[in-house]
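Pasting the structures here.
Look for subunit A in each of the two complexes below; its partner is subunit B in the first and subunit C in the second.
Moving on to the complex of A and B:
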């Protein structure tokens, strides 16, 4: 700096080299900033790529019973129902048959259902080894050769773990027969309860704080408290749900009070209802904060003009403030709801059973949700469950994307109908 | 027609509010108190079960014990706390420099079009469910670490992998909070520095970043609080079974991981296991609450300086 002053702004060689250095340093650091930014973009890419990589690929299957020995050419479609039932009776344990019969009599089941049963229970292909997508594409021939050598009985096929059956079927003890139907229903019902409670209460609290509350001590405490609740780890909400909804309010959350359960003696509070309420408490602060911001963005002149023509406070809110802020409120709510959709930890604590094959029948059923299913499959030691987990993640991500897209559509819809820009 | 002819009834402006309005007000007030009830619920339930626990185990042994083995009645929180801090610090070591760099780039350098692309990417990154990150840590990052450092050094479950992935999860939060902080530095400060002949980098790193320091500190603390409470990544990737180790390549269960693993089974109420979870939960709640309050205080303070 002193160089400039002494030289009276005449060019100084020392200054020139220093400024070059400074600009060079600036470029190097900018490269670092860019690299950090690139890293975050790449991590998202890697994350998605690694999931896609696991959701597709070759599998080595060995049939327990070869289909050719059961039907000519292994073609089950050519058999009639009586023959299919005969195959089942000959190959499946009596206990399992009785269970099947009590669920729905075998003779009355549709033919496709029977073929499915023969495929999964009698032919019963067992996954010996799985490969991911990149290996399958790059070393496909090697894999086929390796399999032919090491497992003469087995056959290699390219499998998309994400397929129509995966969405149609429920949890099973074998990865290849497992699906996400029960978990998807569970997620849906849980979120329905969550929205039903969190949306009105959240908007109500936001309206109170923005439109009614004066600057009193109580209101300041409520506001600070909401900000602090937004930072409480989700697992703590799980413990709250376990203590209050599952244990404390058991007669209500188990449905026993409403006579909604077949056997009140075994029913407990670990139900979809409890899970939904827990998630509602979890996203409530987020919904309130978002809605408050939305309400704050409504110009005061709108309220004044409504009061000026004689509207009451609530009439002003209901007919003017809410319609003018609905787009932002809904966007915030959908974002909060998509957080609830992906939440796992609190639901595990509330008590999702480790293994549930039945679909939920109502809000007082035991539950499992998509993220819980992903968690349980990932935690399993068998590699093929990881593939199933990857496919389930794709389903979950697709669901979240749909939710977010609908948020944008909703926002645009309300913007169009809005009287105020 | 008739209505127009009859004289309008005069309305007394001093009349009482309609009952409907009062009922609505009462309902809205109730909605607002739900959050207070939630906090009370958290404090009371955690407190109640924790008190039951502390009847058997003294708070001192709980806080200083070096073994967590409920099977032999050893309830020392240190192994769980230690691994929680390890994963969190690894996460912050990733998230803070990267998040701050992203924030500096977005706030000082990036053209509008690049920002329009980057911001949604960061939002998506922050919106991916944590269980997916857990899957990623276990099935992609751990094998990667094992191939780099050797599978003898790196265990299948380890705190390094969980911490690194958690860093990526927290990066968007840090980036967006830092960007807010940098953005709230008045433009006059930048212009003054440019007028003195500073380069763009010098303005960014020697003027703007120090001026926004308190906001960046708040972001760091908020991120730390998020990392301490993060559950699914550590429960999938950091391992089951408590261990007091400073080696990031070894398996060590965190506080949150332990809560999830124990409550995942059919836990019987009022057992020692059940009560101990609430003691851990209470500690976790106090740590994160303390961090959040601190972070919000810092933000409030620096806002007063510039606005």
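Moving on to the complex of A and C:
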């Protein structure tokens, strides 16, 4: 730069290049964009931090029965199965024992299962108070001292609310025993239905609108409507789902038509199938619009090269246009599905039960999903359910990250061998 | 030549009796082409002789590419384009509603300005067109012969399973020609096939045209007048949608009848 300035070139008065000013303007803009990026990264960081803060930390537990009184040193692993069953028999109600025995005979259960039962049903630790992660790290000693003073019977332990049991167990009335298994299964099955319906229908509609439909008034109206539908609040879709799938198509969505319900008079459309269809409806406009954009981005030269050897329109679409746009279609679809995974409001309307301890047995069973469970837990008066909710949010985030990572992998797979011009 | 299976209601099957001979491969009859209100080609009537190279020259926007695309019905892929008149191929109007555009394009292949191979392997680029058109012969032999016809075989025979996109621009363009000849057309349309290529690749393709015209009727649109002079037997000069002059190439270049042709080929405009 200076070399040119020093080269003693003849001045050209018609040009006022203002190089410095132009660069300075660019740098000011750049600083703004950088600030915007930083702001979003910080917001995200705060979100994650606040969730992690709640998902780990000290808890003050009081045992209903001290384990030392049941086994030497409180070590249940040293006991054999007969002794464990004996402890259960001595400490829980007959009715509950009969229920356990009828679910699965106690004598046949594995030892770990029995130890688990003794821990939750007999020792039955009760959460008296919880602290979040930052307090636990900063004021650990103070917490222990406070607990020793205020709860002589209790003991303080550091608890990760997100743990193996949390993923393994289902909903429970006590936060410390609760888990997300049923909700995770529910989410998984619901989203499977959603993908199964929204993907082919969305791609099909996009192909028709983009490749076949002419530029007629009717098609323009349809197109405008799809754009508008993408902006309709999700709760409206919930009402639609309630009216159409839960009520209108009850024989189908309850499974009564397929013999999935033993007694047709109790058939109920509030099933995973209805929920999945409702979410499919919700993301359908997004998938259609995205797929249309993807098809539009395929260069015309690619279509021409196919037509020029005598291919029909469908052969051109199937062999060239779709493979060339599949990366974008999949990226958009997975992003839409990610949104569906996190939806709560429409499912509440469709009728996710408030409390469900059983796992879903199929697409015709009652359901709960991760976001619904999170929503219910945060609404509980007991403080410890907030910790459980934080842990469930981490599970949901992990699920979403897996989905998005798979989107990136798929996109790279399809983009690897693609002509861009 | 005679045409077969022509019924007013049934679809016209483009099949011909090779024993009968005509001089011309194609004929434009009073063709007008419009883009919306713009009349891109006006009252065009011309014939193309069999197994000759016919060049179409003219300045940008003169309608030469539009006329070329009318020959294999590519114009109808463009929104807003419409046409009147007839394009006769073996006496059959290819714009007859009973004629299928896909069948027309299988008989009349096309090579484009920018090399546009499929995002597939080299082998598939050649085989695909034949396969979708129901080729029943030995596919590997067809691929080999098609690639040999464009002198690409020796360069790619060891990497047939590799992506065609890895080839150089000149190789890609020859692959596109191989793709066009793989479905055994009668006419090859070329829309400025060398304008995106370097001089060496260009000369290889020009040499190739000399070979290809032994079997195919070639119609080439070009910006490059020297190229038209080198490769073509006939040249048509287009200006603002009119065919100004159409003559054997030597005659048109050395003894133009029309003042506008003379101005154009002597480089006074365009």
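Operating definition for what follows: the second predicted complex is superposed on the first by the 370 of 421 C-alpha atoms of A that agree within 3 Å, B and C clash if a C-alpha of one lies under 4 Å from a C-alpha of the other, contacts with A are read in each partner's own complex, and residues count from 1 in each chain.
In this section, a contact is a pair of C-beta atoms (placed from the backbone, for glycine too) under 8 Å apart; a residue touches a chain by one contact, two chains touch by 3 or more.
Not measured: the values here are computed from a predicted model.
Peer 1: If you stack the two complexes on chain A, which partner ends up touching A:312: first (subunit B), second (subunit C), both, or neither?
Peer 2: both
Peer 1: One more residue to check, A:178. First (subunit B), second (subunit C), both or neither?
Peer 2: neither
Peer 1: Have a look at where A:340 lands relative to subunit B and subunit C in the superposition and call it first, second, both or neither.
Peer 2: neither
Peer 1: Considering only touches as defined above, state whether A:324 meets subunit B (first), subunit C (second), both or neither.
Peer 2: second
Peer 1: So, does A:162 touch the first partner subunit B, the second partner subunit C, both, or neither?
Peer 2: A:162 contacts neither subunit B nor subunit C.
Peer 1: Check the residue A:204 against both partner chains and state whether it touches subunit B (first), subunit C (second), both, or neither.
Peer 2: A:204 contacts subunit B only, not subunit C.
Peer 1: So, does A:378 touch the first partner subunit B, the second partner subunit C, both, or neither?
Peer 2: first
Peer 1: So in the superposed three-chain picture, is A:43 touching just subunit B, just subunit C, both, or none of them (first/second/both/neither)?
Peer 2: A:43 sits against subunit B, while subunit C stays out of touch.
Peer 1: Overlap of the subunit B and subunit C footprints on subunit A, residue-wise?
Peer 2: 312
Peer 1: Within their complex, state which residues of subunit A touch subunit C.
Peer 2: Spelled out, the residues of subunit A in touch with subunit C are 215, 301-312, 315, 319-320, 323-324, 417-419, 421.
Peer 1: Residues of subunit C touching subunit A in their complex?
Peer 2: Residues 72, 74, 77, 79, 101-103, 105-106, 109-110, 112, 114, 116-119, 128-129, 132-133, 163, 165, 176, 179-180, 182-183.
Peer 1: Which residues of subunit A touch subunit B in the complex?
Peer 2: Residues of subunit A touching subunit B: 4, 19, 22-23, 25-26, 29-30, 32-37, 39-41, 43-44, 46-47, 50-51, 54, 200-205, 207-209, 212-213, 219, 221-222, 225-229, 231-240, 242-244, 247, 281, 284-285, 288, 312-314, 335, 338-339, 341-345, 348-349, 351, 353-354, 371, 374-375, 378-379, 386, 389-390, 393, 396-397, 400, 404.
Peer 1: With touch defined as at the start, can you tell me which subunit B residues reach subunit A in the complex?
Peer 2: By the definition above, subunit B touches subunit A via 17-18, 20-21, 24-25, 27-36, 38-39, 41-42, 45-46, 48-49, 97-98, 101-102, 104-106, 109, 118, 121-122, 124-125, 127-136, 138-140, 168, 171-172, 175, 197, 199-202, 205, 222, 225-226, 228-232, 235-236, 256, 259-260, 263-267, 269, 277-278, 281, 284-285, 288-289, 291-293, 296.
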